[in-house]
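Shared between the two complexes below is chain A, which has chain B as its partner in the first and chain C in the second.
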Partner chain A sequence: MSTAAVLDRAVPVTRRRRGGWSWLRGVAITVVTLVFALPVVWMFAAAFKTNVQVTDPTVGLVFPPTLENFANVLADGAILPAMGNSLLVGVVSTVLSAVLAVPAAWAVGRFGMRSTGSLVLVARIVPAISLLVPWYYLFAQAGLVGSYTVLVLSHMFVSVPLILWIMISFFEGLPVELEEAARVDGLSAFGAFLRIALPLAAPGTATAAVLAFVASWNNFMFALVLADENTETVPVALFSFISYASTDWGGLMAASALMTVPVVVVALLAQKHIVAGLTAGATKG
Partner chain B sequence: MRFSRRRFGTLVAATAGTAALGSALGACSTPPVTRDTPLRMLAVNHVWTQAIRKLLPEFEERIGRKVSVSMLTADQLASSYNVKLNASATDIDVMMVRALQEQGLFAHNGWLADLTPRIQGDPDFAWDDVQPAPREASTVAGKVLSVPVVTERSVLYYRKDLGPPPSTLDELRERALQLTDRQKGFFGFVGRGQRSGAVTQWSSFLYSLGGDFVTDGRSRIGSPEAIAAYQYYGELLGKAGPPGATNMSLEQAMPIFAQAKAAFYVDADAIYSNFLDPKVSIVQDTVGFAPFPAGPAGSRPYNIPSWSVGINRFSRLQDDAWQFVRWASSRETVEKIQAAGIPGARTSVWADDKSLATFPAELAASMRVNAENGVGHDRPKVLQVGRARDIIGRPLVAGILGQDVPPVARDADAELTDFLVRDNRHQGI
Partner chain C sequence: MQSHSVDRSHRRLRWMMLAPALAFVGLMIVFPLLFTIDLSLTDAFGAVNAGAEHVGLQNYGDALSDGRRFWPAVWRTVYFTVGAVVLETVLGLALAMLMRRAFRGIRWVRTVLIVPLLATPVAIGILWLLILDPTNGIANQLLKSVGIAPLEFLGSVSQSLPTLMVIDVWQWTPMMTLLLLAGLSTLPEEPEEAATVDGANAWQRFRHVVLPMLGPTIATALVLRSVDALKTFDILYATKGPGGGSAFEAETLNVLAYGLTFDYQEYALASAVLVLFTLFIIGVVLVLRRYAGRGAA
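What follows is the complex of A and B.
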């Protein structure tokens, strides 16, 4: 039997095997998708239900929809300013964190400053709640509590280590020869970073920035303690739908749906970069 | 890791820099108090808070200062207080607190200003006009630390279309079991069943069956009366209640009655408006309100100050904060707020029929009866209330699940006894 014939016979065997397992793969994907998607689907469905329908388990996904919840949320006037606050704090804290953390990640990656990187990671290891009392004390003394400054600074505490550690492995994955060639051509070390490494690291920076923005957008604890009624962010504002003796489920779900949309849009727009960024550096060496 | 001289120097410099920054921030003076500084109130998101906000302009005009109200959920409020007051926060002036839940701990930490001299020096405030049970709950070690503004009693919600309300606990159980039809998804009774969350509502059953949580500093949850109350409530909710009752708190139990899927429901009277609102209820025409059914010890529901207002000890606007507390709990304000359907703590206002005119007549009558028979606490009066509720709730869950209650209750009794020794030590008793 020729080699070609053997290969021809081998193909169906492989296919059979793959076909044998593919149904399991399909089931697994379906189950995982359902588990993750169901709460989101429920949230969006509930946003279009009346409160009576939301709490009635017999009303599933087929019901006469209402836009009343969205109208109430928008008329309430608390969510839109809170979204503006979240956007401002998220963008500023992410940009400032990137300005600090991306060059730092390059330095840590290129010059083997792993212990310095580990020191920064301590910020992610220490429970945030344990930092809130001293922070609150210091910022209150400085008269900053309730300002955007304090929210941006506190969110940077989360974002800087996140961006730094994503970018370290990214820079380590870039060929050092490119920067060495740039140095030979007369660029300084920082110039090589700025003109060579940074443009090549754009997908990684996009990934890190999106993840940092999402972390800031969803952060609840810092805003709860450090913001005031003028600077409160969306996660805190959402709780205005939960009162002592009742919960406006329809309003809460409509506001949650509104809160989710910007993050989904950012994630979709940056998806290409995120995938490239997350996989870059994985095959270094 | 090799610790070179250079690295050591960097570390020292970084530490020194952080310390210097901290000191610099710490040394910054807190902004001075001016006429533009608002009086800040941290409050729970409650109908009372929403009502008082509407009345604020008249108060602001009187003191010449704006009032800023931040509303949070009860748990977030407690967390905020814990973080901010641990740092001696000055940006909270008026605090909305639960006299029976966290006031003891706050008093222990020295976070609430002593209102006694202000109350004693102000006969027009008429402290004696506040109902005795809420007044007692506001006092810790002889000091008045808060003034009650919202009171609650447990009430029996029932379906008028299914017959008159039961007047005794035995009748309630019998009727609830009769009306239960699990095939049709209809339940004779619904109530809170969550381990900690159910304790407050169960307290009315406990008192009416002759028991209490703690007497003379000793645990009483292993007493025959408490075991009878555990067994009664367990049977009622376990056999006549919906499945998954042990996961139910207010948020889960209330909609079941509002959806016309239960015949009887025992919970706080403060939530009655949920059943009259067509947006959340389909029983607005059939819901009835009755006094808590009597047990062997009579009808003994709780009658508690669910929310009170106090003053942050670190506030720099103590006088204005007292003016707010005085105004918000004055007879005139309570009259207006109670007339809007939010029950207060002033005896004179309760005596005035006009203040109850907005409540359904049957509810107003039930509230009066429950207030007269009421016990001033719905949870044990300890420092760490959450921990105590967890212990007390264990036999409650066992009862609902149909387990043998006496051994679990005796075990919980021993645990609560140990807990009380430690808690009393913290309280300095």
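What follows is the complex of A and C.
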């Protein structure tokens, strides 16, 4: 029997097997999706419950919603300024990190300097606290603790390696021929970067920037130590909410929901890019 | 020669592009690391400008002979990391195999999987505090409805760490799944088709064809996840507070180092713990890189 004939016979066999199992696969995927989705759904539901409903486990996902918790959170005076702080620190640290990291990633991706890439791995390995202790020590002596500058610098410690990591594999995936053609047409290497590579890298840069912003938005430890009451970010504000008002579940869930909404929006709009960014560099081994 | 000068200008350019980022990373990592090592050899304590004297390796001796806080924290770190990462790898692989072939609605499933990865760990921690509240939480309500006795979860000394492990599994299994799906998408089709022709069933194809080819991706994913799991802080601190609870039941090395530094101002001892912790993480990475790829293959 020829190979082609064997394959002809083999294909329907696999198809039939898959068809027989597909309902089971559908059930499994549905169950898994619910396991990952329901806790987050529960958070959003609890945000719209009264404080009596939120601690009554017999109240499920169907109830008359109230905006009371959001009103309380916004009136509290801590969460709203903290959101402003988080936004400011997130945007500034992301933009500065991209300015530093994108050209560096291009240089590594184009000229193949993998040893620099391993420095990124070092940045990922080192526990952030072991940097936080000296930073705190030095910044406290310089009287800088509590300033936006310190927060931005500390968040850049996460964002620069993150953007480097994602953009190195992005630039490696871009065809080098376009830049070479531009060089032949008289552009300098830097010109080729600026006019050819950078525009082509816009989707990758956007993805890396979004992930860097999310990392900053979520960062808890740095702000816990380096921020004061005027510069505290949302996770820290949320944490002090637990300590001082541990019974206000509705308020806590409303504040948590407000924090999570931007993330859900990003996940809905750009899931393909986000997945590419999260898994960048993982398949090279 | 022209190509020679091009080479030189190339080299100059790439250093100009690299230098700012390298300088930043160096200043923010290398210098603080050296500072931590130096601090670990002193008796720094209390006010940050109090001045300190070098006392040799005394802090390392103190840490390594501390059976009350240090060693239990080491074991908790190991227990939490091994438990969480093993579960995440097995479940993540199973889920990746489920999602390998496209299906209707895969977009939505992927979106649902991303949310735990991007959501704020502190908010996630608070959410699980509510879900797992021993008296008012939905978790015990669900257990009751299927006839299981209620659990204390984060309210108990013995159940805290396993509970936190499960939360970590909920939050990070999607990361494993996405990494492994990326790896699966790069695999060639032919070996599996050949195995099918040879009469291999689905399990045999998975065990003897897919798994060995996926080895390098699994190894990379294991390294990335283990490093992050070892350093878990936010969710532990947000749910259990300073010291990991009244009996230190969720105090891992990271939480211990944080507490020593910022709750007790034991800068020198904390630095020694951190140096040991960093060496430990580096050791884990080296061992995993050396053996994980081979073990999976």
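Throughout what follows, the second predicted complex is superposed on the first by the 242 of 285 C-alpha atoms of A that agree within 3 Å, B and C clash if a C-alpha of one lies under 4 Å from a C-alpha of the other, contacts with A are read in each partner's own complex, and residues count from 1 in each chain.
To be clear about the criterion, contacts are C-beta pairs under 8 Å (C-beta built on N, C-alpha and C of every residue); 3 or more make two chains touch, one makes a residue touch a chain.
Everything numeric in this text was worked out from a predicted model, so none of it was measured.
Trainee: Clash or fit: chain B and chain C on chain A?
Mentor: Taken together on chain A, chain C would clash with chain B, as the superposition shows.
Trainee: Which partner does A:V225 reach: the first (chain B), the second (chain C), both, or neither?
Mentor: The answer is both, since A:V225 touches chain B and chain C.
Trainee: So which one touches more of the residues on chain A, chain B or chain C?
Mentor: Residues of chain A touched, chain B against chain C: more for C.
Trainee: Per the contact definition in the header, classify A:N51: touching chain B only (first), chain C only (second), both, or neither.
Mentor: first
Trainee: Please work out whether A:A101 is in contact with chain B alone, chain C alone, both, or neither, and reply first, second, both or neither.
Mentor: After superposition on chain A, A:A101 lies in contact with chain C alone.
Trainee: Figure out whether A:T33 sits in contact with chain B (first) or chain C (second), or with both, or with neither.
Mentor: second
Trainee: Name the contact category of A:I242: first (chain B only), second (chain C only), both, or neither.
Mentor: both
Trainee: Name the contact category of A:M43: first (chain B only), second (chain C only), both, or neither.
Mentor: A:M43 contacts chain C only, not chain B.
Trainee: Give one of first, second, both or neither to describe whether A:Q141 is in contact with chain B, with chain C, with both, or with none.
Mentor: In the superposition, A:Q141 touches chain B and chain C alike.
Trainee: Need the overlap of the two footprints on chain A, from chain B and from chain C, as residue ranges.
Mentor: In chain A, residues 55-56, 129, 132-134, 136-138, 140-141, 224-225, 239, 242-243 are touched by chain B and also by chain C.
Trainee: Taking the touch rule as given, give the residues of chain B at its contact with chain A in the complex, in rising order.
Mentor: Where chain B meets chain A, its residues are 1, 7, 22, 25-31, 44-47, 68-74, 76, 79-80, 83-84, 86-91, 250-251, 254-255, 258-259, 268, 270-271, 273-274, 279-282, 307.
Trainee: Show which residues of chain A lie in contact with chain B when the two form their complex.
Mentor: Per the touch definition, chain A meets chain B at residues 50-52, 55-56, 115, 129, 132-134, 136-143, 145-146, 224-225, 228-229, 239-240, 242-247.
Trainee: Would you mind writing out the residues of chain C in touch with chain A in their complex?
Mentor: Within the complex, chain C touches chain A at residues 9-10, 13-15, 17-18, 20-22, 24-25, 28-29, 31-33, 35-36, 39, 44, 48-49, 95, 98-99, 101, 103, 107-123, 126-131, 133, 136-138, 140-141, 170, 174-175, 178-179, 181-183, 186, 193, 196-197, 202, 216-217, 219-221, 224, 227, 231, 233-234, 237-238, 241, 254, 257-258, 261-262, 267, 270-271, 274-275, 277-278, 281-282, 285, 293.
Trainee: Name, in rising order, each residue of chain A that touches chain C in their complex.
Mentor: Touch list, chain A to chain C: 6-7, 10, 13-14, 17-18, 25-26, 28-29, 32-33, 35-37, 39-40, 42-43, 46, 54-58, 100-101, 103-104, 106-108, 110-111, 113, 116, 119-120, 122-138, 140-141, 153, 156-157, 160-161, 164, 188-190, 193, 214, 217-218, 220-221, 224-225, 234-235, 238-239, 242-243, 249, 252-253, 255-256, 259-260, 263-264, 266-268, 271-272, 274-275, 278-279, 282-285.
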